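A short worksheet on the structure shown next.
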């Protein structure tokens, strides 16, 4: 999985029907120091995450599994809001 | 998912039969500032996107799900045209 | 999908049986300017591509779908030969 | 698969129900010299790994296979603790 | 697929049961000039490869297909030993 910080929101009126009702958040992936990288992922939210939250993202077919419907065309879903991240200091 | 900007079109006469009728767009992925990166993805269009549109792309087996036929050999599909993108300013 | 240019061939006598009869081409991925990058992908050819052709590659389980047999251990297949690539000039 | 070193732990109270009971470790991927890179992966532990262990991570749908339940939204699982890593010296 | 050179071996006593009996090789991916990059992949061997061999690796669910058992938690398998690699010279 990827850990990242929510840095934005995205709205799309013209979209696949199956995506209706889903909230899409823009997440910046973290590196080994817990710092934000340049890499972003757009993920469907399934746990009520918001701006500034550190979140856990699952990718691939697992992302559809979490939304409970294999026909939803999503490949990244937020499955957890991180309470604490304990990283070895260099 | 990936968010990117449509920067081009691609035509291929000699191709897998199952791809007939699909429109292929070349999309440049965006980074955390909403700027275009060097990374490109060729995606099948499913929502009527065009040059300059910011779009949402789904990858992997989910891309086939959106086109409604698991035999279509596609691994990236445009599933939304972005109305607005609200990113945290650094 | 990935767009790239065929830059080589690869032969392997000792290989998985299911791969017998397949032609493997070495493809260099293109960037947003249509230039060749350092990234290469080895892909099974399904449309008669050759050296110097610009091709469209599908990855993942979709690659097996195109070869018509889910037991073939392939994760990248060439599904189109590009006639024309129209990219926005910077 | 990826080989990496466990450098941290992550806790998330608000998460997908199916993730309850799983331990999540933060792993830094190694490069060709066995050195830690900047790339991190969060993986579910299935073999009792801990801080400082070198571990083998499986990604994608295989990660769910190891946890024995296809509904668990996980895309990376630790499937081995490395006893010894023998790399060609440059 | 990925083409790379075998640069090492890896042993893990504490591992998922389904991995017992499999040989794991550390492979360095090649770039467009046939040179070794910094990227490594750990792959299960299915064709008798050894140190210094140039090999063809399949990723994702296709990797499990080659080992003949969908329950084996593997996402990269060596499916060929390269006899010859013919790359366009720059």
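In order of appearance the chains are A, B, C, D and E, and numbering begins at 1 in each one.
Here is the rule we use: contacts are C-beta pairs under 8 Å (C-beta built on N, C-alpha and C of every residue); 3 or more make two chains touch, one makes a residue touch a chain.
To keep track of the chains, here are their UniProt names: A, B, C, D, E = Ethanolamine utilization protein EutN.
For clarity, every value in this text was computed on a predicted model and none was experimentally measured.
A.B. asks: Quickly list, by label, the chains bordering both chain C and chain D.
C.D. replies: E
A.B. asks: Using only the C-alpha atoms, find the rotation that maps chain A onto chain D and quote its angle between 0 and 180 degrees, to the nearest 5.
C.D. replies: 70
A.B. asks: Could you state the distance in Å from the CA-based centre of chain C to that of chain E?
C.D. replies: Here chain C and chain E have centroids separated by 19 Å.
A.B. asks: Provide the C-alpha centroid distance between chain A and chain E, rounded to the nearest whole angstrom.
C.D. replies: Going by mean C-alpha positions, chain A sits 30 Å from chain E.
A.B. asks: Return the residues of chain E touching two or more other chains; collapse runs of consecutive numbers into ranges.
C.D. replies: Residues 60-61, 63 of chain E touch two or more partner chains.
A.B. asks: Beginning with chain C and moving on to chain E, name the chains as they sit around the ring.
C.D. replies: Here the ring order, chain C leading and chain E following, is C, E, D, A, B.
A.B. asks: Going by the contact rule set out above, which residues of chain D touch chain A in the complex?
C.D. replies: Of all residues in chain D, those touching chain A are 7-16, 18-19, 24, 26, 28, 36, 38-43, 51-52, 60-61, 63-64, 70-76.
A.B. asks: Can you list the chain E residues touching chain C in their complex?
C.D. replies: Residues in contact with chain C: 1-3, 30-32, 37, 46-48, 56, 58-63, 65-66, 77, 79-88.
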